[in-house]
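As written, the chain order gives the labels A, B, C and D, with residue 1 at the start of each chain.
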């Protein structure tokens, strides 16, 4: 009903391959874009800066991981390490006096270079073995960070980020920082949406589905893996740098440790492999869940008159986080994005649902 | 009980979302302390005791009429040692009228530091975080009341010097440390002192999480250091104790950092631990007026914030120490500038603490605008099989050397 | 379509117009009815992809492993409906399926292969005597019983697969393309042994073959499957004599192409 | 450095390595039967130790009662995990299986700690810590005990895999379809392997718990266990034993030299390097089958 397809006709390939062929989708996207732009005037600063801003940056990062894991099918358990490379390079560059625009670029490129090392692992191995290799690389990176005071920022291992500035303007206001995150997230989203329509995107999917077969069809799978890792690492690097510049204000190794890698991967899985909308939803769910679960449990305990210890209460969100991943994989392995697509598919043909299988 | 029900009420309100903000803002007749703690990941060996201590002390203070007639509220939240969630907690509590924060986690303390400095709020950072924060001229909003790890390490050396008859030539000191920033921090100062005093410093890095020490103690056995100073945590000491026994290193020559408690002693074995030394910032045991008062008035009335057994733990005393200093600062703030307490008056309150020792709970501290550490005295205690026996008076050695390091390190921090 | 003419008690296996769906969408078999008489040997013939293997998997229950299921029709073994019985329980009832491609347990010895297939309830002595019986059928296996099965020749592996199936004490043995990729003399040897087991033990056999010529030599009855449907069934003698069969499956005729077969099938369906 | 010292490092390294093998055997059992890399083995280890403690400390039972009880309970926990969570994912891409076991790991850890709290406890097996000298070499008794348990388990599994039940499990690991076709219940077999791996987890948890105390850090053994399993070949128990010894020696002797150069903490680096190099050079490990997945 919302997605009425009647009257939608495409007379050319150009219009048929538009980003959003269904008008309802187009309207929804415009609506959310406007909502995003107006957010600083609608939402309290607490939600804007402690929830929405990190959510948008993480979404951008998740999209990057989705490029390599969801689309190219390469398991990556060292994504946080790649983000760290970008973050540290950018902050060091900015400290050196390079304008932030270029510092971000440097961060992204540095990540691309290091991230491509992961691609060489992907050339040799896949599946479980690639996952283990990238995990080991994450550990190496963690080690380097905690053992190189010059990179990590002295004996306290904290590296202050200079004030963020674009075009010579210092950005310190809540709204300003928010727009930076929003802009980056929109940019990455547009890139990913368009990637879907290009030969590159299709080649990546081909590599994922069967790299032998892709090779026979003339798809150079190594080249595309490399491109996927490089592009995804670039996104990771810039996202990491923006995260530090607009949210943490300083970089520390714990921000990019192995559990963060797992968390980003969980966002991808819960959101749905290869789903752009899913990346938004997955990031939101994983980020917000600990707080919400904690509050729900203490509320529930309060209502039932149970006296849960403070320690018990603190561990429950972790158990719930694990349970969430397990339940998702059991019930809908394709994640939130797929759940939404199911609803959408249903409504598309409603009330004429004879097309349903 | 006030503080506990508040935690729950707050949680309930927060579920309702935005509405909780306005509701919480209205309650301004109390003095609020925000404890964003790691209750679920790396610091769980210490955080339950400290939160319990803070809550009990608040209850006791409130029973006595609060601070200048105003009640204390302690708000506890878990951040799982994740910087992201620590910041969320900070931003949320900030808007609920909290301006005194305590993060008890090095990574999270570090992560909120820029925001605290920018917002001009107060960060209690006793015992964790960066040691150079004692420099009040740079870290105006940070109060690491109590000794830094640097001060503690220096005092350990001073104790060894005393034991060696004042001359450290030819003395070998081993330093076994967790190989990440917490353990690495004292290395600089130890190297400086080794040069100054002429002792030989041997470094023994222990990989995280500290349970794998076999090769460390094999080396110790061969190097035969006179003392081993250990910057390990919780289970790490237990492993060390077993390895010492195995390698024939006398446990009485083992000087632990303050993070060794009764749980660890029990795990080592009360008998096996006899002679073990610990540098400490607070007096151990329950033989302290303030603890007796809490046991009688708070737990006697069934208002304790947790199981009574947990009180018999030096980390509980540590929690009391942190919060008796904080409440003292709040008391002074109300006394000087009246109610409501503001970040500025709280800061002034802290900086006017003089010779405060919470009835013998810790060494008297005097906080000034320049020295937020308050003196940084520690002492060595020895486990005698039943209790901790002080081996010396509260001391603060090599303060000049430490301040050099503090100044040098803090000078690299710039407030943006 | 042909209706079963005999009563259930004569039949060890009867399929009544079954349909098989893969992944809930792909209809692989569209109404197949087959009967195997007790102690008889029946062949299922047809080209690649006709649905022969799927039919066997429907009977043995192995469809489950490939996300397929019997969506219509009934399968009776010994008169009992077995559609809802787990594959391992069907084996216990006496149905054993020698799957296509030999699939021996490559990292184990032939001896261990045989032991793996013996039911856990079987006594130690019985296991040993059964093994001895199988080695007697396949003397080549006895010679190599301690080497790794992955290194056996194709013929030996096929023998091992059949021997392994015999360890389960089947009453109905289903063989999926046992001749695939084997030299003619080996095919003859293996078919000879199958025939012998059938005669000596009274074991019923359902044989799936592309090599119709060889199969029709040993079976009494044959079914011809095309596109998931049985298009013809008759006695082996009659089938061998049928000119169409000769042309398409026995390599006798010339000049007709695939299109003609399709056409033929369609006409046949109309008639049946 | 003299030879005795080198020998001591080597022997103690090998003993520690065998304790990694103990952990890795659990991983191998599950991988062998179902090709599932069980990232939740660390959490199972931790849970196993906590269950033992729940019986011995909380209920006051002696250890020789508590451990068998824990073994029985953990056996069914393992079977339950397989039945509830893993069985549905059979045939799904490895990323989902990996994520599933990771989710189980997080869930088990959270639940365990929510029930028993995070402070470290100790298991007292009554092994003496008095110095034990063999010649001039100092050996660790508890490590010897642990290594013996590892070797005993190896022998036990070696015999088990030659029993009729064991042969059926091996058949499952060889070929699912063929196993089904001869009436082997693959589900039950895979479930059994999870149960056995959980029993191994109890043994690992108790021994490591005695050495380092029972707390969250038990689950961190995972990386070393995985490295040992991969180096050994993932589906080979003898591989896990040999690889454990190799990794233990590399760690012990290697870190002695490397620590001087890089300033400490090189053990983790060695583990990561061994893992990366194994995967790059010989993904099927020392004793693994050559047909293991690779590009």
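By definition in this document, contacts are C-beta pairs under 8 Å (C-beta built on N, C-alpha and C of every residue); 3 or more make two chains touch, one makes a residue touch a chain.
Computed from a prediction, not measured in an experiment: that's the story for all the values here.
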| item | value |
| --- | --- |
| Least hop count linking chain A to chain C through chains in contact | 2 |
| Closest chain to the centre of mass proxy, which here is the mean CA position | D |
| Contact-richer chain pair [A-D vs C-D] | A-D |
| Most distant chain from chain D by Cα centroid | C |
| Centroid distance [mean C-alpha coordinates] between chain C and chain B, Å | 76 |
| Length of the line joining the C-alpha centres of chain A and chain D, rounded to whole Å | 33 |
| Length of the line joining the C-alpha centres of chain C and chain D, rounded to whole Å | 43 |
| Mean-CA-position distance for chain B and chain A (Å) | 37 |
| Shared interface positions of chain A, touching two or more other chains | 146-147, 309, 311, 315, 317-318 |
| For chain D, residues that touch 2 or more chains besides their own | 110, 113, 117-118, 263-265, 268 |
| Pairs of chains satisfying the touch condition | A-B, A-D, B-D, C-D |
| In the complex with chain A, residue positions of chain D that touch it | 37, 84-85, 88-89, 92-96, 98-100, 102-111, 113-115, 117-118, 223, 226-227, 230, 262-265, 268-269, 271-273, 275-276, 279-280, 283, 293-295 |
| Of all residues in chain C, those that touch chain D in their complex | 60-62, 65, 67, 86-88, 90-92, 96-99, 103-108, 112-113, 115-120, 127, 161, 164-165, 167-168 |
| In the complex with chain B, residue positions of chain D that touch it | 5, 8-9, 12-13, 16, 110, 113, 117-122, 129-132, 138, 140-143, 208, 211-213, 215-217, 220, 252, 255-256, 259, 263-265, 267-268 |
| Footprint of chain D on chain A - complex, ascending | 69, 73, 75, 121, 123-129, 131-133, 135-137, 139-140, 143, 146-147, 211, 262, 265-266, 269, 273, 309, 311-312, 315-326, 329-330, 333 |
| Parts of chain D lying in touch with chain C, wherever the complex brings them together | 91, 164-165, 167-168, 170-171, 173-185, 289 |
